[in-house]
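In order of appearance the chains are A, B, C and D, and numbering begins at 1 in each one.
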Amino acid sequence: MSKVKVSIIGATGYVGAELVRGFLGHPEVEFQYLTSRSFEGQLFSDIYPVFRGVCDIRLTDTPYETVAKESDLVVTALPHGVSSKTVPVLLENGARVIDHSGDFRYKDVNTYENSYKLVHPDPELLKEAVYGIPEFYREDLKNARLVANPGCYPTCSLIALAPFLKAGLIDTGSIIIDAVSGVSGAGRKESLPYSFCEMQENFKPYGVVGHRHTTEIEEQASFLAGEKVRLSFTPHLAPFKRGMLNTIYARPSAKFTDVSDEKINAIYKEYYKDEYFVRALDMKVLPEIKAVNGSNFIEVNGVFDKETNLIKLFSAQDNLGKGAALQAVQAFNAMFGFDEKTGLNIVRGV
Amino acid sequence: MSKVKVSIIGATGYVGAELVRGFLGHPEVEFQYLTSRSFEGQLFSDIYPVFRGVCDIRLTDTPYETVAKESDLVVTALPHGVSSKTVPVLLENGARVIDHSGDFRYKDVNTYENSYKLVHPDPELLKEAVYGIPEFYREDLKNARLVANPGCYPTCSLIALAPFLKAGLIDTGSIIIDAVSGVSGAGRKESLPYSFCEMQENFKPYGVVGHRHTTEIEEQASFLAGEKVRLSFTPHLAPFKRGMLNTIYARPSAKFTDVSDEKINAIYKEYYKDEYFVRALDMKVLPEIKAVNGSNFIEVNGVFDKETNLIKLFSAQDNLGKGAALQAVQAFNAMFGFDEKTGLNIVRGV
Amino acid sequence: MSKVKVSIIGATGYVGAELVRGFLGHPEVEFQYLTSRSFEGQLFSDIYPVFRGVCDIRLTDTPYETVAKESDLVVTALPHGVSSKTVPVLLENGARVIDHSGDFRYKDVNTYENSYKLVHPDPELLKEAVYGIPEFYREDLKNARLVANPGCYPTCSLIALAPFLKAGLIDTGSIIIDAVSGVSGAGRKESLPYSFCEMQENFKPYGVVGHRHTTEIEEQASFLAGEKVRLSFTPHLAPFKRGMLNTIYARPSAKFTDVSDEKINAIYKEYYKDEYFVRALDMKVLPEIKAVNGSNFIEVNGVFDKETNLIKLFSAQDNLGKGAALQAVQAFNAMFGFDEKTGLNIVRGV
Amino acid sequence: MSKVKVSIIGATGYVGAELVRGFLGHPEVEFQYLTSRSFEGQLFSDIYPVFRGVCDIRLTDTPYETVAKESDLVVTALPHGVSSKTVPVLLENGARVIDHSGDFRYKDVNTYENSYKLVHPDPELLKEAVYGIPEFYREDLKNARLVANPGCYPTCSLIALAPFLKAGLIDTGSIIIDAVSGVSGAGRKESLPYSFCEMQENFKPYGVVGHRHTTEIEEQASFLAGEKVRLSFTPHLAPFKRGMLNTIYARPSAKFTDVSDEKINAIYKEYYKDEYFVRALDMKVLPEIKAVNGSNFIEVNGVFDKETNLIKLFSAQDNLGKGAALQAVQAFNAMFGFDEKTGLNIVRGV
C-alpha cells in the first residue's frame, strides 16, 4: 500500500520542526512538501542541523493549491489570521488539514473574534473543524477534513480537568489554572526577552489576565461539563527549552462527598485506563516535565487538601509534544485509521 | 566605635555562605567565628572558592558557649530540632541570636509541634522570639534577644498578602499560594534529585499538601488579618539556582467593592511607600526573579481578573536574599540601630 | 524469524538508560533481562519515569550465568575492575558481549594496568576483544564474541583524527586534544560537584594530566598511524546534560604540503563518504553539540591556521549516543548482520 | 573632598550595566551622565530591573562635548569604529577616558586596520593610549588621559601567559589558546543564535581562525616576551551567562630546564604575589568560572604534562568582570590615585 503523503506548511518554526520529527518516524508517511517562505531553497537540515542526514528535504515555497492537490494531509504551522485564509484553499484543493493556529479551535465565532481581535473570514468551517484531542474526539477525527490542533495550555489543562468536569465533581466556578511553560513555547525568533542571558536564572508570569488560551480552555471545559465554565488562567515562563506543567486548583462540588487523594487517583486511573498517552500516575507520584519531554505522553495526578477543601490537579506534557506536534501525529493516526501509537514510541532518555 | 562582633554557626551551607556575603559588606560588622562541624580547620574560601581573597577566615568548631560569649550577635544556620537546643545556650551566654530554622518562628507551640513532628524543648522562648520580617516587626526587633528569621516561602507570601489581609480586603478562606523556588532552596547537599542532570530541563511540584511553611504562613497571616486564616500552599522546584516567585490567588472580600488593577496597585504603592526593600511595581510591570536575584529586594504587584472575580498577586525575591540571609542582615540592622539598608546595596547585574 | 535476545547488566545508570532507549527502538531486538543490584524488583520506568508506558520491564538481579545462557547478546554497563571479572562468565555461558568499561579496550595489558592501577584477571581476552568503533573495525565486529565499546572521549577524538593519522598528514608528536563534556558523563550519582547549584553557570577543567582516556586514545591512534603516538588530552566539564565537543590541534607533517581549509574538508568528505553516522560538514560549518544530541551522529570539520601552521579539527557527538550507548547499538548491528542504521534513526529535535 | 564625576556612554549594553554596578559601589564616585541613544529618557532601572531602587538614573542622549566637560572620567562602551571617532571629542573637551572597544588597544596601527578592516581616524592617539591591565601598566595608568580597556579574551590569556613570556620560559611559537566564553560576551541583542532555545544544551566553536582578539593578544604578548609572538587562538561559546575559561598550551623553552607542576605553580605565586585580583591557586587546585563570577578576580594555575613535554596553563575570569567592566574600575582606581581594590570587594556568592 502506498504511504500517506503529508506536507507541512511553515516547517521551520519549533512546532514545524517537531512535526518533521514526529512524522519522520511514522512508517506509513512520506513527506510531499516542507514549505517555508523565509528559508525557501535551503535544506530543512540547514535550519535544523540535528536533522543532517536524517531529513535533508529541500524547503519550497510551493503554491498552496499544489501542495494540497499532491498531498493527502497538509499540516499548517502558521500564525492565526493567516491560517484562516490558507486552510480553506487547502480544503478546496482536496487535502485534509491539521491546523495549529487558534483559527479553527472555537465553535463560537464570537469568542474567537473577541479573543483574537480578528474577523473570521470563514466561520462556517468552525462547525466542521474537529478539536484535535483524540482522547475526547476520537470518533469525529476519523472522517474529519479539518482538525484544529489545540493549544499547548488547553491540552494540558483539559486532560487534567476532563474526568472531574465530565462527572460534575468540581465547582466549575472555582477553577484556577496556574501554568508553566518552557521557552520554546514562544517560538523560534529573535527576541530579547527570550535570549539566553535574559531567561537563564529567570522565571516570570506573563499574560496574566486575558491570555487567549483562557477562552479556548473555557469553551472545551464547558462542553465537558455540560454547562458554561468560566475559569482563571495564569501562564509563567521558566528557564527550560521544552515542557509544561499545570497546577490546577478547584473546589469539590456538592456531589463529590467522598473526596480524597485515593478517590482523585482512582478517578484518573479509571477515566484514562484505555488511553496510552495519558499516564494516570500512582498515588503520591507527581507529574514532572522530565518524565514527558520529547514524547507524546501527558501525566496527571491530584491530591485533596482537606484543610482548605481544595482539589489540586497536576499535569505535565511536552509543550511541543502532546502540546502541539506529536498530538497532531496522534490525531493523524486517528484520521487515517492507524493505531494511534504508530510512530510515537519516542522518548528522550536522560 | 568598635564594630559589632558577628558569628555564624553553620557557615558552609548555602544560607551560611550568603550570610557571609551579606555581613562581609557591612561596614560596622566584623566576624568573630564562622563555625562548621564538617569543615572545621579549612578556610571558608576552600569551601566557597568565590570568596578566595575576600573571606579566608578559618572555620572552627568552637564551643557554642565561647562563640556566644565573644560575639554580640550569633546567627545560626542549623537544622530544625538542632536550633531549638542550641539557641538557649547562646542566649544564656549573652549573645543576641538570629536563627534560621523553623524552631522559633511560631507563637503557638502546638502548631510548631504538629508541623515539625517534634517536641519543643524550650517553648517559653517562642513568646520572646521576634519573627524577623522588619517590615512587620521593626519595633520589636530593636530590643530583640532572639529573632526567628522567616522561611523563604513565608516571606515571599506574607509581603504580598499583608496589605490586603491587614485591610480585610480578601476573603481569607480563599487564599491559594502557588510558589516556585530555585534549587538552592534545597540546600548544599549530595542528593540525586538535585543533581544537574536530574534538574536541568525539569520542573516539578513537591510537598503539595502539608508543607511546613503552610502553617508558618497561616499563623502570621492570621496576625495580619486579625482572624484565623487557613490557606493552601503548593511549592514547585524550577531549574535555576536562586530565586522564588509566588503567584497568589484570592477572592476580594465583600468590603472590597472597587477592586481593579489600579486599586490593587495603589494599595501596594501606599502600603510599602516607606519600605526600601519592597518594590511595589508600576502598573503592568510584573515581578520576575531576574530583577531581585542577589539582592534583599522583593517585588510585588497584582491584577484583578474580573471575569472570574479573582485577585492575582505576584511576588518575587531571592530565596537566599530577602528569603533568608540578606533579610537577616536587614533584621540585624534593625536590632543594632543601623539604617536598615546598611551593607545591603548589593545587586547581581546581568 | 525470532528477535535477538538482548540483556543489559547495570541498566539504571545513564549509559544503561540510553542503551534501553537505543535497543528499544530496534525492530529486531527484544529484551531478555535488565539487571540492577540497587533497584532490583522495581520497574525500569520507576527509575526513569520518561519510560513509563514505554519500557516497564522489571529489573532483576539474575545470576550472570542465567542472563548469559538466555541471551544472544549481553551488554554490560559496569565499572572497570568489575567488568573484567563479569565478562568471562558471560562468554563462558554462551553470550556475545558488548562491554562499556575500560577493561577490554586495550591490546597492551601493561598500558591498561598502568592506566587503571589494576591487575587484569584475564589478559588473554584483550587479544580477542574488538574495539567497538564500527567505522574502524566493521569486519572484526561481524564475528566478535566480545566488543569493548570505546570511551566517549576516545570515540570523539579518534573519528576526528583518523583520516589524518591514516594518511600520515599530521605530526604525531604535536597532537593536543582539548575536550568538553556534559555532566551526564559523570554518571548518575549523588555527588556535590555534579549538583545543579554547583554546575549551573560553571565550567572547569579536570583530570588535566593522566586522564585514563589518554592512553586509550594513544593506543588506537598508534594503530591508525602505524607508529607510536603520544598525545596530550585535557577534559573540561560544562553545564549541559549531554554532548561532547573536541577541539584538536596538530601540526601538518612534512608530507602535507598543500594544507588548507579546503583540503582538510575534502579529506574528511572523502574518508567518511560512506559513513552514515559521521557527518563531514561543509566548508565553514562547524560541529556543535546541539546538532548531534540524542543521536548516534558525530560531526567533524577542520581548518588550517596558516599564520601559526596549525591544523584545528573539531568533532561533536552526544557523549551518551555515539560516545557510548548508541554506538553500542551500531556495533550490535554490525555483529548481528543488520544494517548499521537499524533502529538508530532517532533525533532529539529542538 | 568632592567625588569623582563619572559618565558612561552606552550604558545599557551588558558591559555598560556592569560598569554601572562596578562604579555604583565605589565610595568616591558619583555618576554624571549615563547615556543611551536607544533608551534615552527611560530610567536605567527600566532597562535593568535588578537596579530598581539602586540606580534609577535617567538615561540621556547628552552631546558628547557636554558629557566630557562635566565629567572627570568618561567610560565608553561603544562599538569599534564608533569609539575611534567619539574618544577624540571627549579628550578635547577635557575628560579622561576609558574606552572598551578595540579602537585604541593596539600600538601598531597596521595591525589594528588589518584586524578590524577599518582605517583609523586618529592613529596618533594609539601612542598615547594605555592598555588597561593594571597588573602590567600600573605606572602608565596614573597619568593616562586615555585607557584602552582590553578585550576579555586578551585579559584572560595575557595574565596567564605573562610570567612565562616575561621570563622566556616558553617557546613563543608554540602557544595555543583554547578559550570558552559565556553568552553575555555576545552582548545584549536580539539574535537567534543567542536565544535561550538555541544555546541551552549547546556548545560550539566560532571565529576559529582570525578572531580579532588574536592580534590583540599577540601584540601584548610580544611586548611581554620582548620578541614577536605569533599564536593560535580558538574561542568557543558555552551555555552560561557569565564567565570565561582559557586553557593554554605551550612548549617549555630550552631555558626552562626544570619544568614541573611545582615550578609552574611557584612561578605564578611569585609573579603575582602582590596582585590582589590575580589568584595564583595552590597546587592541584584549578581555575573554574564559578569561583570568579561577579568579581574582578582572575584565577591562574598550570601543570606540566611531561609525557608530551607540554605546559598547560589555565585561567578563569568573569568576562564582564575582570574581562571588561570591573577591570575598568580597577584601572580607574589606578588613574585617580585610589587603592585599586576600592569598590571592588564584590562577589556573587552561591
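Odds and ends about this structure:
The definition used in the following text is that contacts are C-beta pairs under 8 Å (C-beta built on N, C-alpha and C of every residue); 3 or more make two chains touch, one makes a residue touch a chain.
Worth saying up front: this structure is predicted, and the values here are computed from it rather than measured.
Set against one another, A-B and A-C show the most C-beta pairs in contact at A-B.
Separating the centre of subunit B from that of subunit C, both taken as means of CA atoms, is a distance of 47 Å.
For the pair subunit A and subunit C, the distance between mean C-alpha positions equals 37 Å. Here the CA centre of subunit A is 39 Å from the CA centre of subunit B. Residue numbers of subunit D whose C-beta contacts span two or more other chains: 14, 184, 197-198, 200-201, 239-242, 288, 290, 293, 350.
Chain contact topology: the protein chains form a complete graph, every chain touching every other one. Listed in rising order, the residues of subunit D touching subunit B in the complex are 14, 17-18, 20-21, 24-25, 48-54, 184, 200-201, 241-242, 276, 279, 281, 285, 288, 290-295, 297, 299, 320, 345-350.
Chain contact summary for the complex, subunit A toward subunit D: residues 14, 183-184, 188-192, 194-201, 239-241. By the touch criterion given at the top, residues 173, 176, 178, 180, 182, 197-198, 200-206, 208-209, 230-232, 234, 236, 238-243, 245, 247, 249, 286-290, 293, 303-305, 307-308, 310, 312, 314, 316, 350 of subunit A touch subunit B in their complex.
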